[in-house]
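Alright, structures below, take your time with them.
There are two complexes below, and they share chain A, which is joined by chain B in the first and by chain C in the second.
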Partner chain A sequence: MKNLKILSITLIIFLFANTSIFSQSVTGLQVVENVYNRPVGEDMTADLTMTLINSSGKERVRTIKQFSRDFGEIEKKIMFFVKPADVKNTSFMTWGYDEEGKDDDQWIYLPALKKTKRISSDSKSDYFMGSDFTYDDLGDRHPTQDTHTILREEELNGEACYVVESIPKDEDYMYSKTITWIIKDKWIGLKKDFYDEDEDLLKTLTVEKYEDIKGFLIISHTEMKNVQKNHKTIMELKNIEINTGISKSKFTERIMTRGI
Partner chain B sequence: MRKIFLIMLITFSYSIFAQSVDFSGYVRNYPGMLVGNGSNDFVILQNTFNLNIEKSFDNSSFKVNPMIYHNYSDSLYFRLREAYIDLYFDNFDLRVGKQQIVWGKADGVFITDIVSPKDLFEFLLPEFDEIRIGVEGAKFNYYVGNNTFEIVWLPVFTPTKFAAPNSVWAVTPTFPITPTFDRSKLRVQSSLENSELFLKYSALTEYIDYEIMGGYMWDDDPTMFSSFVPDSAGSMNLVISPEHKRLSLVGGSFSTTLGPLVVRGESAFYFGKYFNTNNPTINQGVVQKDYIHYMVGTDFNLFDVNFSMQFIQKVIMDYEDIIVSNQLFNGEYSNMMTFLARYSMLNETLDLELFSYYDFEFDDALIRPRMLYDFSDTINLQFGANIFTGTEGMFGQYNKNDMIYGKIIYSF
Partner chain C sequence: MEKILNKLLKVPYIVMALSIVISVIFLMKMMDNTRMETNLDKYMPEEHPAFIYSDQAEEWFNIKDGIIIAVENKKGIYNKETLDIVKALTKRFQKMPEIEKADVTSLYTADNIVGTEDGMDVKAFYKKTPKTAEKFEELRQKVKTNEMVYGRLVSTDESVTIIIAAINKDVFTQEFYNHILETADEFQTENVILHVAGRPIIEGTMALLGPADMKKMVPIVLLIIVFVLYFILRSIRSTILTMLVVLFSTLWAFGLMAVVNIPIYAVSTMIPVMLIAIGVADGIHLYSHLHLFMMENPAAKKKEAVMDMIKYMWSPVVMTSITTAVGFVSLLTSQVYPIKYFGLFTAFGVLTAMLFSLTIIPAGIMIFGLPKMKIKKEKENNHQFAFNFAEKVIKYRVASMIITVAIIVLSIVGISKVWINSSFLDKFEKDSDIVLTDQFINEHFGGTSTINLILDSDSNDAFKNPEVLRLVDKMQQDVVGNLAIAGNSFTLTDYVKRMNKVMNADDEAYNTIPDDSDLIAQYLLLYEMSGDPENLWKVVDYDYAKLNVNFQVKSDNSKAINSVLSEIESFEDDFAKLGVKMNYAGSGYKALIFTDLILEGQIMSLVLSLIIVIVLLGVMFKNIKLGFIGAVPIIITAIVSFGIMGWFDIALNTTTALLSSIAIGIGIDYAVHFIEQYKLNSTSGNKLLTAQKTMAHSGRAILFNAVVVIAGFLVLLFSVFPPNRELGTLVSLNMFLSFVGTVTIMLNLLYRFNIYFEKKNKGE
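Entry: the complex of A and B
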């Protein structure tokens, strides 16, 4: 089995809530906090397709069915792998906590071994399933972990954006900085550049599509390109359902082992 | 008659396909060559077809998992690994049929993971899902949140399967004089009073996962009872009567995280296992003792390499020096460890792995370096070696079986 850990695959990374902030007074931290705090519904079901494309254009495809629900202080997610065939019926479950400093709990069910294993959530710099997304890229990085500065305001793909530079407070973090283009009136991160420890451009994330579902803006198509390796990952969410009332019993070992 | 059968078969097949039964599995080519005895013999030239046939409904499902092994001698070995039906209710599930059951938190060792016996046709070299034998029975699971109460009832006893006598993995027991064997008591009749029962309570929580279990079963490995029987010339012959005996155990396991570490433990207390002694004239050459089997281990990541280490110990209680050592028990204390390192590269298309068992008592080991490459989403290539060190013990006994092998696996 690959080096896998459960994580946020919501793709709702750069959304916002509060639209009452005026551009004249907004700070970099406020912009990113509004992206971070944007309401995204209590629960979500979706089919995720992840296409990995290497430098010679060869594609590998991973398909995942995922469920998530916010229980207040705990957010629970469960994922079932559909493709490729050798990881079919593998499932992951994660419980993420609002409590500061409390690590996520994560489990993986390996159908060949018929075993549910607890795994560490420590390696956030690991890449998810061979993609160009690290676990941290896919999760909710708290705004207070970085220092944010608005560099300028400019238009991207016809949308007025803040361009925000974020420098991690932890000097050992895997990126030296990120620069994000955040849509002013929608508070969606439309593009994000990741810089490596030598401050060279490493990866670029672009949002290709976002949808309004039950009043929530959901990013449904993103691409992450590693410009140093010339490797690309396309993530697409389909059949997205919001606030369907997913039962809490969905997020149990029973369902991990039984499957979708 | 044939026509009727054919029509029935076609009708059945069509109805199966029409209901979208899910087919998955793999085809595997697996050559392995001995390099330890200078022979360069291809002891493994194997083609395997593994088919999972599954169908899920709202409140039920079924799975049938046949496996066919084709060997170089043109022999076919058919295994029905699993064939069961699941029934789902609000708070409980019932699974009936042939099924593999896996308990415990240890990897590569069997402490509380004793419901499904082992098929040692190639020692411990196959993948663990191939080592385990499906057992015929019923499993009842009752759920309260993330707490599970499990009852397993097996009306049919399935013993350990050992390698064929002509296999390089065959183990020949040694006796002070050449015995004759009386296998009349070896088979355990399938009856209600001979059934096996296992209970488990498990919980998955924020802080720790744990299991508490117990079992009333048969010892998967037969006890070798000895007796002396006079022959027609009046000489006394040593007669060995292999017989499975009842065995009980209680145990438990846990798994938790401590910062970047996953810490695991597992332990079982076995009641009344028979051990062979060095005096076949007393008490049929056996003595009954309790023993403890436990493991502590950790998993962690360092420099992008995933590591896993386990220490395993067996302790025979109220030990007596007359107990004969064997591959599994070497004296009062038997100490072993396992080590796993795995590094993924090229966007997880290439994995380098090293897995090893080391036995402190016999100073023997099995070292298994392996390279795995995903040629595509469906084709996986493997190349590896099995290196046995030492001269005695579970691994040292195979010191002439060092092997290199390759595998091509097509998954569908």
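Entry: the complex of A and C
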């Protein structure tokens, strides 16, 4: 059953790849949708190491054990802090919805308080755990929210890429535009430049490494550099496991309190 | 020397032309290479440990000076008009290149972290301005229940809210200052009044107002000086030549600064003040001698007269100038570069004034002829007055000594009252806009001045330790509770307490530091995840080993700041026990240290130059006793002028402290001319007649010099800028005291110690 699914996904990729190669006029939107829809498995388990480096070169390292699973309309994710020691077993759960305009549900469990609390935040432009990534940057943004144009095709790190400019339809959005280098046959955004409201370069995201795991292309090492603040975040995924069949019951408040 | 000067007399046109040409070259250099240094940071001695630490801390915590815009609506701020303005203005500031987007704080940008039944809510107070009365009431309640905002961004009477825009370092310019004020003007409406305050604005206004006022006053000062000088010299030529000495020496001093690429600092504007006082003196003494010579030899040719003038006057002019210059060079001991430059270039100016006095004035006389003088009646009257005065001074010497001692004692009492003030705000009129705005904001909020206390621990995570945080909290409460001047304080403890309260369903009982350091760490993690982590790094460093505690103070006056510092320092031992050290940062603190440094340097150099002067005079007059006597006018001037500052509550600041240098410059001039003349006249063998003759010659010249400069500088009393008024008062006061000290006390001492008569009595 599972193999069949993988097969069909691979087939879809293949078809997509083919159509884009053969069709003369692949649109910017199509390219970005391909990236958005690139299959990454149904569930994933990984150890995330997040390193924050500030302008004076000081580092903070956090390690997190994370589980995520796509339930179609809902994507659920749970994260347990492993390090530093004083926040160990603090856990964080999000339920993200495909439905446009619906805010994520978020919970936090603080072991020292022994309480699970709901957090509601009204901003997608919030930074993720004090890093240089916003929640949007982490891949939640739907392609239809921007207008995409292919600027050119060029090679980056030996990969043939489309260079796509994306301008938000909402004028008040935190970025005035982004420019993404997307690998043609893999649909991986290899590099992305974010421009601030004044159209100055704000951040650059680079993919340092992606791995083929069970036939899925998983980005496992990225760096986001805020060039204005000279601040950097490195995210590395290790021990990645895909489609291990994480059960539905993993994503509950009760599990959050249990720790790893 | 005399030979050279006499040779120059043969080529007056060349001397004149050469002086003019070189001056014009310097003027041209000034035109293309002079720049004003308006960045106050450039004034600070960067290598001083307090400054090094402060600069580092400013980097760690992104400490910047903030512009404060108070948005006032008498009907309250919770209406569309006011909140639209807050939003629009916030966005406008965020777009300015001088301001980082994250550095603008207002009700529009602030996060409202609130506790709910089952969790926590992080929301903006408003994004779109509310439309209905209920929504405004809801917003009002949100603000009222958030102690991180209430009383800090919104006044407790709800009529004012502030926008704070921290500006980047080294970007403040006149244009930016104007731009801010124009922007504020643009947003102002009938109901909504905008007030602009904050340190950059005060500095900007000062940088604008001081020189603008000087531009208006200086021509009047010069005009009065020229007028009085003419009245005294009774000759247009002599007046012009004397003023040329001042003008050329000033041009050369500033020209040299331009050539060696040193910018003009605020204190450099004191250089012309010194050169006017000193340059005029040389001219007056020369003309005074010429005048007397002409009276005695009415038939003399101009060359004879000039040669006589050079013969008798070159040495006192050179002596006074060299001692004065050495006095100014002693300012090189100061740690503050602008002061060093001030000393160096004033010394250079004094020497060029000497050069010009001895060249241009004789050359001018050779070219334009002797000044026409009405010699007849004046002679009797003037001399008689001087003779009588000298006689009375000597007759009542015991009384004058007693009075002097009494005045000095009184002055020393006054000196003990002198206080140092590094305040910028105190330089403005009490009813000026800038002071009123500052008061207005201080009435409604914690205070416009900030003191940054930096707590420094060797161990990481020290500031997650409940024991340490509790002590910080206690200190904050003590300082704010005990001192009316300290409006509020803010640091990590406020975040921790807020999170603790919020996570316990907004129960006020939990507005405390929790006992468990893990819980503190988890709260902070939660804040980072939900709030704006950038805010945290403004109060604590990545390793939680350094903490920045902000105190808002309602005055930038040194007394106020010092009272807060001493309250803070009462916790020093408690912190030391926990392994935490105290330091400070920020521009207010730097200004305080800076003023101390200037004063320390000033007093050091005053003492040093006094010693040098005593030795130099001793060597020049070949009598160490004369060194001490010659220093008397300086000592009296310095002590009494500081005493008067104490009694009249004129605080010491960079300008007023530097003015004590004038005591040295003028005091030496007077003393040397007087002693030199006394020596010449002592050949008569009659002590009283010597004193009388000296009074008629030198005393008169000294009086004229004092009158000219005092008359000119008194004009500054009409200035609209208080520091310029203080300058006028103190220059006049210094001139007057030097004059009085010389013609009374010093004369008495010369008389009492039989100077120049001792040997004669024994020898002949």
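Please note the rule applied: the second predicted complex is superposed on the first by the 235 of 260 C-alpha atoms of A that agree within 3 Å, B and C clash if a C-alpha of one lies under 4 Å from a C-alpha of the other, contacts with A are read in each partner's own complex, and residues count from 1 in each chain.
The rule we apply is simple: a residue touches a chain if its C-beta (ideal position, glycine included) is under 8 Å from a C-beta of that chain, and two chains touch if they have at least 3 such contacts.
Computed from a predicted structure; not experimentally measured.
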Worksheet item: Putting chain B and chain C onto chain A via the overlay, clash or fit?
Response: clash
Worksheet item: Who does A:K115 touch here: chain B (first), chain C (second), both, or neither?
Response: both
Item to complete: For A:F92, select first, second, both or neither according to whether it touches chain B, chain C, the two together, or no partner.
Response: second
Practice prompt. Considering only the touch criterion stated at the top, classify A:D103 as touching first (chain B), second (chain C), both, or neither.
Written response: first
Worksheet item: Taking the superposition as given, does A:D198 touch the first partner, chain B, the second, chain C, both, or neither?
Response: second
Worksheet item: Is A:R258 touching the first partner chain B, the second partner chain C, both, or neither of them?
Response: first
Fill in: Partner chain(s) touched by A:F81 [first = chain B, second = chain C, both, neither]
second
Worksheet item: After lining up the shared chain so the two structures overlap, which partner does A:Y127 touch, if you call chain B first and chain C second: first, second, both or neither?
Response: both
Worksheet item: Regarding the shared-chain residue A:A160, is it in contact with chain B (first), chain C (second), both, or neither?
Response: neither
Item to complete: Kindly classify A:V61 by the partners it touches after superposition: chain B alone (first), chain C alone (second), both, or neither?
Response: first
Worksheet item: In the combined picture, which part of chain C sits where chain B already is, 116-124, 602-610 or 728-736?
Response: 116-124
Practice prompt. Starting from the residues of chain A touching chain B, keep only those that also touch chain C in the other complex, and list them.
Written response: 52, 54, 60, 84, 86, 107, 112-113, 115, 117-123, 126-127, 129-130
Worksheet item: Within the complex, which stretch of chain B touches chain A?
Response: 24, 26, 56, 61, 86, 88, 93, 100-102, 105, 127-129, 141, 143, 145-146, 148, 202, 204, 206, 209, 255-257, 259-262, 299-301, 304, 306, 342, 344, 347-349, 351, 374, 376-378, 380, 409, 411-412
Discussion item. Quick check: in the complex, which residue numbers of chain C touch chain A?
Written reply: 59-60, 95, 100-101, 116, 118-124, 127, 461, 464, 503, 514, 516-519, 521-523, 525-526, 528-530, 532-533, 536-537, 541-543
Item to complete: Could you please specify the touching residues of chain A with respect to chain B in the complex?
Response: 2-3, 52, 54, 60-61, 83-86, 88, 95, 103, 105, 107, 112-123, 126-127, 129-132, 231, 249, 252-254, 258-259
Discussion item. Per the contact definition, I'd like the list of chain A residues that touch chain C in the complex.
Written reply: 52, 54, 56, 58-60, 81, 84, 86-87, 90, 92, 107-108, 110-113, 115, 117-123, 126-130, 196-198, 228
